[in-house]
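Next up: some structures, all given as structure tokens.
Across the two complexes that follow, chain A remains constant while its partner is chain B and subsequently chain C.
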Partner chain A sequence: MTAVGTTGAGAFLARHEGLRARLPGAHLPWVTALREASAEAFRAQGFPTRRVEAWKYTDLAAVNGTVFGEPLTGVDDALTLPATTNPRAVFVDGRFRADLSTLEGLAYTVESLAAVLPTLEGRLGAVARPAEQALAALNGMLFEDGLVVTVPAGVAGGVLELLSFATVSERAPAYHPRHLVQLEDGASLTLIETASGPAAARYLHNPVFEIEVAAKARLNHGRLQQEGLDAFFLSTVYARVAEGGAYDNFTLNAGGRLARNEIHVALQGPKAECHMNGVQLVADGQHADTTTALDHAAPDCASRQTYKTVLAGRSRGVFQGKILVRKIAQKTDGYQMNQALLLSPEAEIDSKPQLEIYADDVKCSHGATVGELDADNLFFLRSRGIPLDQAKAILVEAFLTEAVEAVADEDIRNALSTAVTGWWQRQGVAGGIEVA
Partner chain B sequence: MPAVTETLETVQSVTEGGYKWGFETDIEMEFAPKGLNEDIVRFISAKKNEPAWLLEWRLKAFAMWKKMEEPTWAAVSYPKIDYQDAYYYAAPTQKVKPKSLDEVDPELLKTYAKLGIPLKEQAILAGVEGAGDTPADGGRMPIAVDAVFDSVSVATSYKERLAKDGIIFCAISEAVQEHPELVRQYLGTVVPQGDNYFAALNSAVFTDGSFVYIPKGVRCPMELSTYFRINAKSTGQFERTLIIADEGSTVSYLEGCTAPQRDENQLHAAVVELVALDDATIKYSTVQNWYPGDAEGRGGIYNFVTKRADCRGARSKVSWTQVETGSAITWKYPSCILRGDDSVGEFYSVAITNNRQQADTGTKMFHIGRNTRSTIVSKGISAGRGQNTYRGLVRISPKAAGARNFTQCDSLLIGDECGAHTVPYIENRCMSAKVEHEATTSRIAEDQLFYCRQRGLSEEDAVGLIVNGFCREVLKELPMEFAVEAQKLLQISLEGSVG
Partner chain C sequence: MLKIENLHATVDGKPILKGLSLSIAPGEIHAIMGPNGSGKSTLSYVLAGREGYEVTEGSVTFMGQDLLAMEPEERAVAGVFLAFQAPVELPGVGNANFLRTALNAVRRAKGEAEVDAIQFLKLARARMKVLNMPDDMLKRPVNVGFSGGEKKRNEMLQMAMLSPKLALLDETDSGLDIDALKMVADTVNSLRGPDFSALVITHYQRLLNHIVPDHVHVLSAGRIIRSGGPELAQELEATGYAASVAAA
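After this line comes the complex of A and B, so read on.
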């Protein structure tokens, strides 16, 4: 059973040992094999230290030092769900809750992973790479549930919401949902994912997404990460896109005391496209990390990335973005921009864009800027009678606009604007903004 | 190097393609036994007649080196180096000073001639008595040259002219004897013994290199230049250069490197330390043309170099300019520690990899003082099966208010077998700092090529012209003699990469 009182990778490995026979799919040899391989990979890697290049700027010591428990089942939660007209799937503490979800009358299937696990052979684990990412290995070893979305060929799926809630628990639960999203030829879907939890709760949310976008299909994936301020949010998204397909990812990284938003996208067919945009809003005491890896593995593909980070109080922001262009990927058009705005003298930003290029007929560029609010711009606004706080708000909003505007999907853009405004107001109230 | 251009053209006309500096000089050499151990360190120190503190310093470095591991983070691959299978000391033997050029070992003179050193300076370099007391040709300010052959500085020219201004320019082994207090005060203060694997190795076994001291308020009247050459077989070259620019002084220093053509790989692990005090300016230019190995990647120099400048004083400035065309492997990150308020660091680099060359190079700018500024311009060109990586760090400490950095890294790809990589790190802990980075990767534009071809240029000449244009921002930072040589080098390095 759970190794009570122990921490770190060992505790999770012990939990896997103890639960081995009771985890979902324990009777299926292929699931067992997948879990064992993941356990082996996690045993080899443990929680990465800062000596591991990919974790140079994000320290998992706090995760490593926390005693986590299992999430409780059947909690009596009085959740108030935000009103919506969209179909939605709700997860509480990592488990699918059919009673809270509304998924009737859809032209595509949305299921609980735990419920349909026997049918997922060959699909589950097809895109994730636990041997390379320790957290995906941890997830592969201990996943219990997740969402399985399958949009058949040619179906326009509309909007689907994925809500993930954490409840207050003394046990500091750790959960590792595995979500599979598959769009068949020419299908489309807008998936809006919201992760949130109570301010005071400590928990580890370690989701892994495996996304497959077939030829000419399009997935708009919006992510609003607004976990509680004592939470660890360590998420890894894997996506692969076939010929003429498109994967758009927009992530708002605003919650959690430590949040890592790691995205791996492989463009595997000619003329595939990927847009990755994001905003990180990092307030006092928070650490937010966005790490992207874009693999151009086919010719004529295009990728665009725009990431903006705003830092207030004593906080730290990280951006790491790698673009790999393989030899076969001629005519690649790759662009990446990441910018950070420091609103406090105690904030730190670390940025590592990276180009690795093996094809010659390509156009790739990246840019990075770091700075504070422009004094001239502030002066301009103030000279027109706008109070300092408001002037700053205007400039921060303007700074974020580029990333937000790049989001093609209106639903995602609206959800995002609301979240950004809310964050900004909280910062103003908390007085976390320093006068320039 | 002066008159290098002319030599280059001559050499170029004789040999078709390939490495132009592949000659080996057959002169009498004195070797220490192969291998590396404490005895060799003691042997080198004794050979140089060093004071006890320096021997201790070396032994400490050796002890550190033994405990360290060879770094593997750079994007270069090479077979494991057997550090026991190399000579750590090789010196041309010559006891009595010759009276005239006629008495100098003709092989040595031939080498100088091939390097394009004018006769007058050859005499000085060969140590002919009385040479170097008068300036060279006419009124033109000459370039003072320190030539380092394998492990030993063979001669330094124009010493007396420089001494008039109180400038010290000599071999570091000589400085240890003549100015021990200066060497002791500054050696290892910028690159400590245990800084990294190759710096530790260098600290233990360094044999020679240049030492420069520019006194307060002095503007060095001529360019100072060091010429490095690995000559003997199986030798490693471990030179150590230390340049100190005292308050308000200015110096421009050039460095050139070549090596003969050989099948096996040779190791070059140098350390360069620059110290700039208040209001001092140091300009350090390198044209690195070590033997790059043949088209199949056999042979060539492993160039693992640690270069770092400490802008200790307020308003000090250090500018690194490098043109890296040679070496099988280049591992080199000339850096600036911007400690003094308002100090300035610059890094201008052109790196070319052709055939199977690998280069992992870039810079580090540490902003510590207030209002410190740095500029990084890096141009990488990959051809053949070359792999070229820019790896850089800009770190702004919390106290570096008003710090400013601008970085531009451009990569050019010629052919579909090569690779170009960019890995910049930005770490900012200061709100009022401003950091900008931009990088692009592309190949030579078809329309530019077409334009040149249409006007009758061959494809190779057209590529040469475009590449020179691509590198212009960096080349214009070089002193004139070097700039001309560098342009030629670029063209030669890319031979065989098109068509």
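After this line comes the complex of A and C, so read on.
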């Protein structure tokens, strides 16, 4: 039996109380004010229950009932970094590790949030909305580090990798990194983020992104969520896009016992664009949730969303997608499609598309499908000698193709395809199609 | 190589095959003709192992093995190939990748070395040239946007690449123009030899002008009611099935 006060929102609030004087930026009034406001918002909301509309299909009871310990200080002996030629920023247990990162000679700046916190007044907290999202409030109250990326006007930043590792722990650490990404006028960047951890460790990864894409800038944001299978991944991305800018988000939501990929994008200048695509691979015992909110707040903007969820075993998937078209946002072109493939009779998907349109001259559509693997297609592949498991893998890959092909950036597409193959291997499937 | 004895099969509980017996020796080509609803397609699906076709009585032995106990993929790697009447389309599955995966599955089962992408393309292109298929059909998703004729060409490409011991052609000629018909016949004829047998299922005699069978059987109401040589096909074309059905 757990003692009262060691779990749930109360435990995190108590933690903030206890650490108040020691958290990064404690000596800066504006940071303290931001933390206090976040604490207030978290106190008011707690961990949302399923009675809260935005959390109707995702139950945080398991998070609420876990006793979380201190974040670690980096027991990372077992850490093996994948080979890459790209610049990369590495986080271990929520903290930036300069010694593991490769960031020399960049035409833009990549910094640790803890290191440059005094310079971030007015920028940190500019896009996040802790009063509306409890997890962002929790993050605002307890963040210790994060990545700060600033790409100056006109600079083509190329590819940057962001690697987040959790290490083995008995203590169920919780960490709340706050990442800030800012692209100035006409700048561009491909940010490929990988989050992973040991298979059997329980931890909470609660990252918040604040992304600002200025006029005619473009951010390709690829996210590969491959946390350990006992982890909680609760992520909130906020992005705002100015005139003629573009934000592309692709998320693979594949790891974790409970994973929520929540994205809020506001198109705030004319002719801004947003593509949000994603794949959720959900295996036995997992719960994966993608929740998107797209705010068309300027005319002539376009948005495209394609999400595909594959569910195996006893698993649960959620897709919620809201498109808000404000009165001023005439000539909006919005499209949203979400499709689910159920590989087992015990898998479940909840799907909730939502359009809220106040402008009168818009093109907006959405669609949703739920299905199983087609028996005729499976028989065709098997009749050509392809074993059942491999035939299934081929058809699942085919199902995902549309969402993957919608990704404009080749680096992200390749990283994704590797991750999908890895997922299949973990399911004990020999592999999908051979590439000719 | 194939021995079907007293085969009874039902679909959705409805009896379709009612005591069908047939033997095919190595190197032989047999044709099965019959009116619509006589059980022709059911026979090919039962032999290939499609779900939903329940065998209630009888046996099928292929190369000494109990064919009915094998999974569809086991039958395929053992050498059974079904050319579909209406091949499925597979969006998102590249034709080349599909073919190579199938080819290597069959080669693995035979204990042969797998082919890499370069070897595969060489093999496939050589076959495609003979079949008069444009190279880009390898790059497209399997059968997606293919015309009826192109789909059948693709079936023949798969057959030629997988070099089966027994080909089941399920009304492969339906809806084909004369050029495509000849292509199907040429592919079958090119494989003809002591290790290749075929069961050509057709409604019309037309295809049998180009693939001359060793034996022709008439299927009616789930049983073979007549058997003969190639001349039987011509007789049926002239007199129709009704006379044979009435006589049986």
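Keep this in mind: the second predicted complex is superposed on the first by the 418 of 436 C-alpha atoms of A that agree within 3 Å, B and C clash if a C-alpha of one lies under 4 Å from a C-alpha of the other, contacts with A are read in each partner's own complex, and residues count from 1 in each chain.
Everything below uses one rule, namely that a residue touches a chain if its C-beta (ideal position, glycine included) is under 8 Å from a C-beta of that chain, and two chains touch if they have at least 3 such contacts.
As the structure is a computational prediction, the values presented were derived from the model and not from experiment.
Colleague: Of the two partner chains, chain B (first) and chain C (second), which one does A:Phe399 touch, if any: first, second, both, or neither?
Modeller: second
Colleague: Could you figure out whether chain B or chain C reaches more residues of chain A?
Modeller: Counting contacted residues of chain A, the larger count belongs to B.
Colleague: Touch test for A:His27: chain B only (first), chain C only (second), both, or neither?
Modeller: After superposing on A, A:His27 lies clear of both chain B and chain C.
Colleague: Just to be sure I read the superposition right, which of the two partners does A:Gln390 touch: chain B = first, chain C = second, or both, or neither?
Modeller: The second partner, chain C, only.
Colleague: Considering only the touch criterion stated at the top, classify A:Arg50 as touching first (chain B), second (chain C), both, or neither.
Modeller: Neither partner.
Colleague: With both complexes overlaid on chain A, does A:Phe380 touch chain B (first), chain C (second), both or neither?
Modeller: second
Colleague: Is A:Glu372 touching the first partner chain B, the second partner chain C, both, or neither of them?
Modeller: Touch partner of A:Glu372: chain B, not chain C.
Colleague: Which residues would you name on chain A as touching chain B in one complex and chain C in the other?
Modeller: Shared contact residues on chain A: 434.
Colleague: Can you list the chain A residues touching chain C in their complex?
Modeller: Touch list, chain A to chain C: 374-377, 379-388, 390-391, 394-395, 397-402, 433-436.
Colleague: Quick check: in the complex, which residue numbers of chain B touch chain A?
Modeller: Against chain A, chain B makes touches at 73, 398, 411, 413-443.
Colleague: In the complex, go through chain A and note every residue touching chain B.
Modeller: Of all residues in chain A, those touching chain B are 53, 57, 327, 330, 340, 342-345, 347-372, 434.
Colleague: So in the complex, the part of chain C that touches chain A is made up of which residues?
Modeller: 48-51, 71-73, 75-77, 81-82, 84, 87-88, 90-94, 96-102, 104-106, 109, 117, 120-121, 124, 138, 141, 158, 162
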